[in-house]
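Written below as structure tokens is the structure these notes are about.
Chains here go by letter, A, B and C, matching the order in which they are written, and residues are numbered from 1 within each.
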């Protein structure tokens, strides 16, 4: 996917396969370069009495690392994805029920948060649960020379001075989430934001074409 | 009457206040709560600080221990910081393993300290491959009333600046360590990241929210600044906001950072005198 | 230590630097004990029956129903009490309400670092705290409910448990939990014929050491620590806890000393609560 004609600003190849699992209501395998995640969505389903909300569905997210039990780093991702799902879903339509989103990391070569958020949105689309808007995420890195790299892989982001992850909605293109590491100034932040916004536009287009094809195939 | 109205329609109650540009506790929307920083309150710790932002209270105690470095990083010491939200600080938390919020805050604070470069782990090396300092920084919330990250960062940085490590003579040949407690030295802190949290309530941005306001809000933004540079713009989901509003928050945070820095420095100089 | 995936773990086998210190306090315990006997003075240079100055404040945790902060010299304890709530996972009906007490040392509160999970000592202290408080609270007033009492020791400089009991009593009272009486507690350390009221950390360690009566003789001096909590107006003992090796006479004498010591704290507790009430009344009137 080429957003702007510049080698640094090339996104890694995005690929996806819908309905990869048979049990969940929606599932997707999404790869961005060598980073791969599987997302599954169940919902609306029965809810435990402790977690029941009388005016809306309770959203539960689980982020599973490639191996071992989830650590506190995974909890941070989990909470970000949970907050994104809660705002993008029309949970008021499903009171006293629960929507469960499970993200399984398969391979992490950088940009795992972006990949997980995009997979999550795909899986929600696939499940047919009502959403207020779509979400897309893109990441970029700022190296020591002050050059931006869109959608960096692990090597690039480890060496970078700063890393940025943004999540946008598809209606007003406003910021839903922002997560950064390293240090940078306001101008650099603005530039990173604009860059990721453009990349997200490309991802929204990708959602559209992919879903169109999928529906056409089914018909 | 107000009490009943508040418990029945908390959101409407709050909205009515905000429409008059004032908050239930009498603050304007962009007004901060008073901050108190106290240092050296725990004698058993090697560095300590107590921070109050409004009613939110966080205490940080740092204990230094001796450890062997990791084989892959033979010259680096350790800084292990954990945020604890005991059931003591709020009825939201139950006894048992750390809550999700505690885990997420721990990760965020620990990442931030490492990324900001405010402390160089190499400074904690005593002898390459053999002996390094391991600083255990424990942040305990004593009263939870919002803006946890802000209070934690402030307490951690202040405590780090008060840490005094004794000198160690290490004889490799016979593996003998002698610690001289009379000669204590501070560690170098290269910069001071400080943060401010904002809450989004409908189309308004509320500065320095209390726990109640955090619950009612539809999203939080935490911005971390060190010496005029941004360290983190953390918005973990929640309602979407426009760029302009986000940039306003960043400007606001940069302005406030100076004040917080002076606060830390005064607290530390008061201790030394 | 098992790997805890809910926290950041440090490297394995870290040691406190105090173990290698050139002024190691552990080495000269015997000498210090001899000094006590010879000079008839305690390490903290107080009189043997003198308590340290106490600072007590209630209502320190805004989110809690009742809370108290207790400071005596360097010992700092904070307690918070929450509204009665239904006992989780309980099937049968209990006529009396329950107290759920958690006593915890902060990781940095002692000379050596403490773990995050409650260790045996902390569990023991929780149980003592629960027993001490149970007889001061009208438990029949909240059947099938439990009241949570959380104690955190921020810094331990001796007598932390008795400080916790007194502070918990104040916090319960402030929370409006029905009580029979004010409850206060005190600690006594015993080493030989010396009875040390309100020992600090150093004195506590001295009292936990067994010393031979005479060189070569296999008889120990009596030594140990006694904690007593008292309901003041009823003059009833709610809990007596003792460690070490003590003769009956010593315990009898100790109870007299300790009941006097607990009485000394009562006016302070009362003043603290009265101040809190008058202050709240004033703000209510102003509102």
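Everything below uses one rule, namely that a contact is a pair of C-beta atoms (placed from the backbone, for glycine too) under 8 Å apart; a residue touches a chain by one contact, two chains touch by 3 or more.
Everything quoted here is computed from the prediction, not taken from an experiment.
Of all chains shown, B has the CA centroid lying nearest to the centroid of every protein CA atom. Greatest centre-to-centre distance from chain C is found for A, with centres as Cα means.
The mean-CA centres of chain A and chain C are about 51 angstrom from one another, to the nearest whole unit. Separating the CA-averaged centres of chain A and chain B is a span of 28 Å.
Each of residues 103, 106-107 in chain B touches at least two other chains. Touching two or more other chains at once are residues 6-8 of chain C. Touching of two or more other chains is recorded for residues 72 of chain A. Touching chain B in their complex are the following residues of chain C: 6-11, 13-18, 20-23, 60-64, 74, 76, 78-80, 82-83, 102, 104, 106-111, 113, 116, 148, 150-152, 154-157. Residues 5-8 of chain C touch chain A in their complex. Per the touch definition, chain B reaches chain A in the complex via residues 100, 103-104, 106-108, 111, 115-117, 218-219, 221, 226, 228-243, 246-247, 250-251. Of all residues in chain A, those touching chain C in their complex are 68-72. Listing the residues of chain A that touch chain B in their complex gives 72-73, 75-76, 78-87, 167-169, 172, 174-186, 189-190, 193.
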